[in-house]
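Each of the next two complexes has subunit A plus one more chain, namely subunit B in the first and subunit C in the second.
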Partner chain A sequence: MTRTAADPAVRSSPKPGSRRAPAGRAAARTRRRGLRRSSGLPWILPAFIFVVGTVYYCIGYTGYISTLSWDGVSPTPQHVGLANYAQVFHDPVFWDTIRHTVVFFAVTFTVQTAIGFSFAALLHSKVRLPNLYKVIIFIPVVLAPATMAPIFRQIFSATGQFNTILEHIGLGALAQPWLAQSSTALPVIMAITVWEWTGVTFILYFAAMTQIEPEILEAARIDGASGVTALARIVWPAVRGTTIALGMLSVIGALKTFDVPYLVTTGGPNFATEFLGTFIYRVSIPQAEVGYGAALSIMLLILALGGALAFGLRGTRRS
Partner chain B sequence: MRTSPSIRCRRRTIPVISVLSFLALVLAACGGGTAGSKGSATSASITWWGWTPTTQVAAQYIQAFNKVYPHIHVTYKMLTIAGYNAALRPALASTVGPDVFDVAPGAANGSVETYAPDAVNLEPAIARALGSNWQSKLSPIGVSSMMSGGKLTGISVGAVYSGTVWVNKNLFDQYHLSPPASLTQWVSDCQTFKAHGVGCFVQGVGQTAFNEDTLQAISDDIQPGVWARAIQGQVPWTSPVVVRALTTWKSLFSDGIMEKGALGVQQYPDASNDFVSGKYAMVMMGTWYMQYSTPSGLSSAISAAGVGQPKNFTMLPIAFPDVAGAGHPGALYGDADYGLAVNSRSSHQAAATTFAVWLGTSTAGQQQVANALNDIASLKGVQPNWPNISLVSPGGQQPVLSKLISNAVLSSEPRLATVSPNLQLAIGVASTTVASGSATPAQAAATLQAAAAKMPHHGAV
Partner chain C sequence: MFETRRLSSKIVLQLVLTIMVIPYLFPLIAMVQESLAGQGAGNYKAVWAVGVVPEFFRNSAIIAAGVIVIVYCLTMLAAFGFSKLHIRGREIYFWMMLAALTLPEVVLLTPLFSTATRLGMYNTYFSVMIPLAALQIPFAVLLTRSFVNGIPDELFDAARVDGASAARIFWSIIIPLTRPMAAAIIILTLIGAWNDYLLPLVFLQTPATQTITLLPSFFVSQFSDDQTKVAAASVITAIPEIIAYLCLQRLFERGLTAGALK
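== the complex of A and B ==
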């Protein structure tokens, strides 16, 4: 291939015998800058070692453990190759957790997005005491699930306050032991999650909406667009990046769900609220099948990465 | 911009120092401490981790221990049952784990089998304390269940037995009822309680390990010993006795004995709190519940249940009602409750061993255990010193509790000691699927049998 003047290597080569040209001096400066830049490596090395040591090493080690039949403390684990992964695909509880995760993601993401987006839009309009509403919406985010779990167990128990309210408003026929039935336990877990995390969705949408030029909305109004039309045609597309980011976080969050189902229902009844997180814990700790738990963890990692990538690629294509 | 050589030198030096410092820190961390020193047997600060006893009872043990060994400072850390293994595994793998930790027979929590490699063999220490015939001086169940691979992994502190229902005598008296002896009477009592807005029988069916207690009681009621033999793989889970036990278990729900929504309730803290706070008249608990017969034990439990002004009541154990009508009620089955193991990585092994041996083998230590009414003493001949034990209702409770202890020590039927975690899970699934109606007793028994058949030793430990 013939080199052209556009080639940086050609442009920076001084002619033989000539005095150093300005381009040559620039190249020398670049080389010096490059050398200086390389000296930055020691600065990032501690953080690099730390990240590799803690995160990637742990992932690799989990991958290694997933090839073992091991209780976590025995000095003689047995190598079983990919047998743990084969077991994953034949385990009905694993497929239950996947189904629960998909339903959980679809419902919580949709509801949180609808509520968070609506609240953010409402609080961008002229309302009294907006800061009070913001605090009220955001407070559940900062409350520890461990603190709230016993309260929710009480609220949704057969004799709990939720049923009492239903009875007092004439809906006593709907009262039931919400956490004791496979059909209602998962919706309760989703409701608690929506209550807990809608504040984050709201805050992110609220921040994203502040970036929309008021002139655009004003122009839409002048053109006769109603409030709903402006929200649907201007605001919603403008915050698409936030929605995609929230979608990615929701996918990962759904796959990692642990605290609420574990603390409120311990994954029951009859695995009705079992998620990958609670399943991994139960297999690894009470059942002491650490190798199988590690294989499930790797599956979780793959699913989380896949889900986040899918959302990211979808967002990129639309952009 | 030109920089002076000194500044350039400093710029090069700082990152080098930072890298070297970091590497030094990493190397220091990787090096760890040596655990060769066993320390003094009479002076040290040691830590004890366990899920039992309660902090209040542990404080009593430690206080009594310090009268004999004033220079060994013991700090007790109580962990939840559910979180114990999760906390203990990494702690024992490190050099900063507890010096003494609870172990228990079976595979449910603090398994002797699991943690034996991390524990010191305590046989020489116990032989020094009790002599070469030490085994004959202790409850057999407390010795065999603490052995693993010929090694005494822990020293049994005491035993617990289940198969009893605890009743709130005040509520029974208030509504002129007698504790149930049959299924019919149980149903009738529950109807009366419910008519007065009082809960009848509470069990945390969501915490499935406790379902085994009720199922074993029902099964023993039908034909003693079949349940224990099924665990050993000697009787199939599809046995008519087991199927009938599951059918009777289902009737506890359909006949209105079990509280509504029991599948969503945890035995601890929910069911226990509901009982001690007076919301329910009966609860399925074992001998460990004797600790709430004392005014201080009960008022602490009531306060912990969220009641502002605790009001003590008389609680009594009764035999599990003859729900099958087969005429075999009142079976008790039990295991060593827990033993104290000494961490093989501890640098205070000698002091930790002193504490474990004192609590598990000395008359003074075992008297404390017996008096706490949490466990039945492991050292033979040690009974609660009733005149020194304050009970809520001494006249009514003391004879009943004495009889319970006398009957319990005669039992040789194991409770959870021989159940593997996977079998425990399978039994839990059988119990909840039958309770929820998603499987018939016969289907659940068949599923349980199929699961057990795939397990090594049929799921027995």
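== the complex of A and C ==
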């Protein structure tokens, strides 16, 4: 009986909110019975204090620092009010990072969805060695981005393997120093991110597709729908919940982006791959402009919460 | 999904799949090839001879184990409380915790940095373990709470009638029944803690405490950008992760599915 909830594949609803109503009713019904008489507060307090203590303490502290002009060590920081925030809005690099984040989200989400969905559909068909393909797609997910970063720097360098391959297949004219030019650095960062995360997209679509009744597909086939039509008309709408969940993950992921651009291009060349994460790090740690970094952090926090809420609300309204 | 009754369509599907998977395999092959270029296995010997690799592994293992213990214990207690016990204003507590879900860790850097320095925790395991655990717990609680919701109340009422205390119920019902979820949470936490880069980068400053995600940068400076040795270091750090994944394939996939879907 716990099995239905146990198997995560069974659930495709991404929203905790959508299950709250029935849970709340059940709680009201049983409140006066047995276990409900014990107070749960001591049980949740350790986790609550640990999380809220750490996180909210830090956010409050960041909020305070954001009103200072401070290098992080001097004993006499200057209070500057909202000057740091004014600086944020006039900083062209800040707007660059926003633009990069939006492009990064749009491209990686679209490409990952297309590839992940195709992989899932192909591996649900009868093909040989399905597990081999699955393992290859999924290995990048378990590898640390930090482990692979030096490899990607090598692959996309002017003398790297990517250019070698282009030459071998007769596209030598396209060979170029991919990471050293502003125009190609961001696409490479996006390609690396897609490489790393398609495994998650794939595995989620794969799990969602096991929920679709084979009879429905069979019926569509008898009615003369081709494989591609069935995919577009039946499978794609059926996995909508997964797509929304992945969209939300991608928004948050895009805002959190740090490891890949920091390690592969350090935000360069000429800020072409600067993201909010790398920018905040650069400002706060190497440049020691802690107050300005904190103001940027608060902006990032607002964007992350706003992005998650926007996607969450969209998901609930439609479903 | 696709019709595969004819041999020709079978071959086409297999071919499409194989072509699609090649870009995913390519960086892994490039990594191994690069690590064997020049001195061949000598690159690995040179990396190993520096002597810090086991230390970095040990540090990563200690940090990951610490985070897993904190996350598991606090999550189980909280999930039981949130799901089956009476708490006034329960949803307020719950959503206050969940808000931490979207938090990018870079936001925490400055406050954590100055706090850790003041408390003398800079360059210790704790300076990385505590924020990592705090960022993992909300998600774990979200997953485990909805899992515990699925355990029928009648089971708890029966235990109650038999005279079991809440602590006894937690120990004898919650802990054993949540095992499938616990496995998923442990894997998720393991990947999160083991692969984290930013917190170790800022808080861990000596090889005695640094984690394996810092190993490539360590060797970049050690071998002044000798790519073959850096690649060998990458292979050495990647192998345990790939082996762990291959051995626990189902758990990894289930952990990540659970992680993203609920």
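Simple rule for what comes next: the second predicted complex is superposed on the first by the 281 of 319 C-alpha atoms of A that agree within 3 Å, B and C clash if a C-alpha of one lies under 4 Å from a C-alpha of the other, contacts with A are read in each partner's own complex, and residues count from 1 in each chain.
Here is the rule we go by: a contact is a pair of C-beta atoms (placed from the backbone, for glycine too) under 8 Å apart; a residue touches a chain by one contact, two chains touch by 3 or more.
Just so we're clear, the structure is a prediction, and the values are computed from it rather than from any experiment.
K.L.:
For A:190, is the partner it touches subunit B (first), subunit C (second), both, or none of the two (neither)?
P.N.:
neither
K.L.:
Between subunit B (first) and subunit C (second), which does A:285 come into contact with in this model arrangement: first, second, both, or neither?
P.N.:
Touch partners of A:285: subunit B and subunit C.
K.L.:
Give one of first, second, both or neither to describe whether A:179 is in contact with subunit B, with subunit C, with both, or with none.
P.N.:
Once the two structures are laid over each other on A, A:179 reaches subunit B alone.
K.L.:
On the A-aligned overlay, A:254 touches which partner chain: subunit B = first, subunit C = second, or both, or neither?
P.N.:
It touches nothing on subunit B or subunit C.
K.L.:
More residues of subunit A are touched by which chain, subunit B or subunit C?
P.N.:
C
K.L.:
If we overlay the two complexes on their shared chain A, which of subunit B and subunit C does A:122 touch? Say first, second, both or neither.
P.N.:
second
K.L.:
Answer with first, second, both or neither: which of subunit B and subunit C does A:88 touch in the superposed model?
P.N.:
neither
K.L.:
For A:72, is the partner it touches subunit B (first), subunit C (second), both, or none of the two (neither)?
P.N.:
both
K.L.:
Going by the contact rule set out at the top, does A:46 touch subunit B (first), subunit C (second), both, or neither?
P.N.:
Both partners.
K.L.:
In the superposed arrangement, does A:294 touch subunit B (first), subunit C (second), both or neither?
P.N.:
In the superposition, A:294 touches subunit C alone.
K.L.:
On subunit A, what residues does subunit B touch that subunit C touches as well?
P.N.:
39, 42-43, 46, 72, 150, 281, 285
K.L.:
Can you check the complex and tell me which residues of subunit B touch subunit A?
P.N.:
Interface residues on subunit B, with respect to subunit A: 11-12, 15-16, 18-19, 22, 26, 82, 85-86, 89, 92-93, 107-108, 111, 114-115, 117-118, 199, 205-208, 259-266, 269-270, 421-422, 425, 429, 432-433, 436, 438.
K.L.:
Tell me, which parts of subunit C touch subunit A in their complex?
P.N.:
Within the complex, subunit C contacts subunit A at residues 1-4, 10, 13-14, 16-17, 20-21, 23-28, 30-31, 33-34, 70, 73-75, 77-78, 80-82, 84-87, 90-91, 93, 96-115, 130-131, 133-135, 137-138, 141-142, 146-147, 149-153, 156-157, 160-161, 166, 169-170, 177, 180-181, 184, 191, 194-195, 197-198, 202, 212-217, 220, 227, 230-231, 234, 237-238, 241-242, 244-246, 249, 252-254, 256-258, 260-262.
K.L.:
In the complex of these two chains, what residues of subunit A are touching subunit B?
P.N.:
39, 42-43, 45-46, 49, 71-75, 150, 153, 156-159, 177-182, 185, 265-266, 268-270, 281, 285-288
K.L.:
So in the complex, which bits of subunit A are touching subunit C?
P.N.:
So the residues of subunit A touching subunit C come out as 1-2, 4-9, 11-14, 16, 19-20, 23, 26, 30-31, 33-44, 46-48, 50-59, 61-62, 65, 72, 115, 118-119, 121-128, 133, 135-152, 154-155, 161, 195, 198, 200, 203-204, 207, 209, 217, 221, 226-227, 230-231, 235, 242, 245-246, 249, 252, 255-256, 258-259, 263, 276-277, 280-281, 284-285, 290, 293-294, 297-298, 300-301, 304-305, 307-308.
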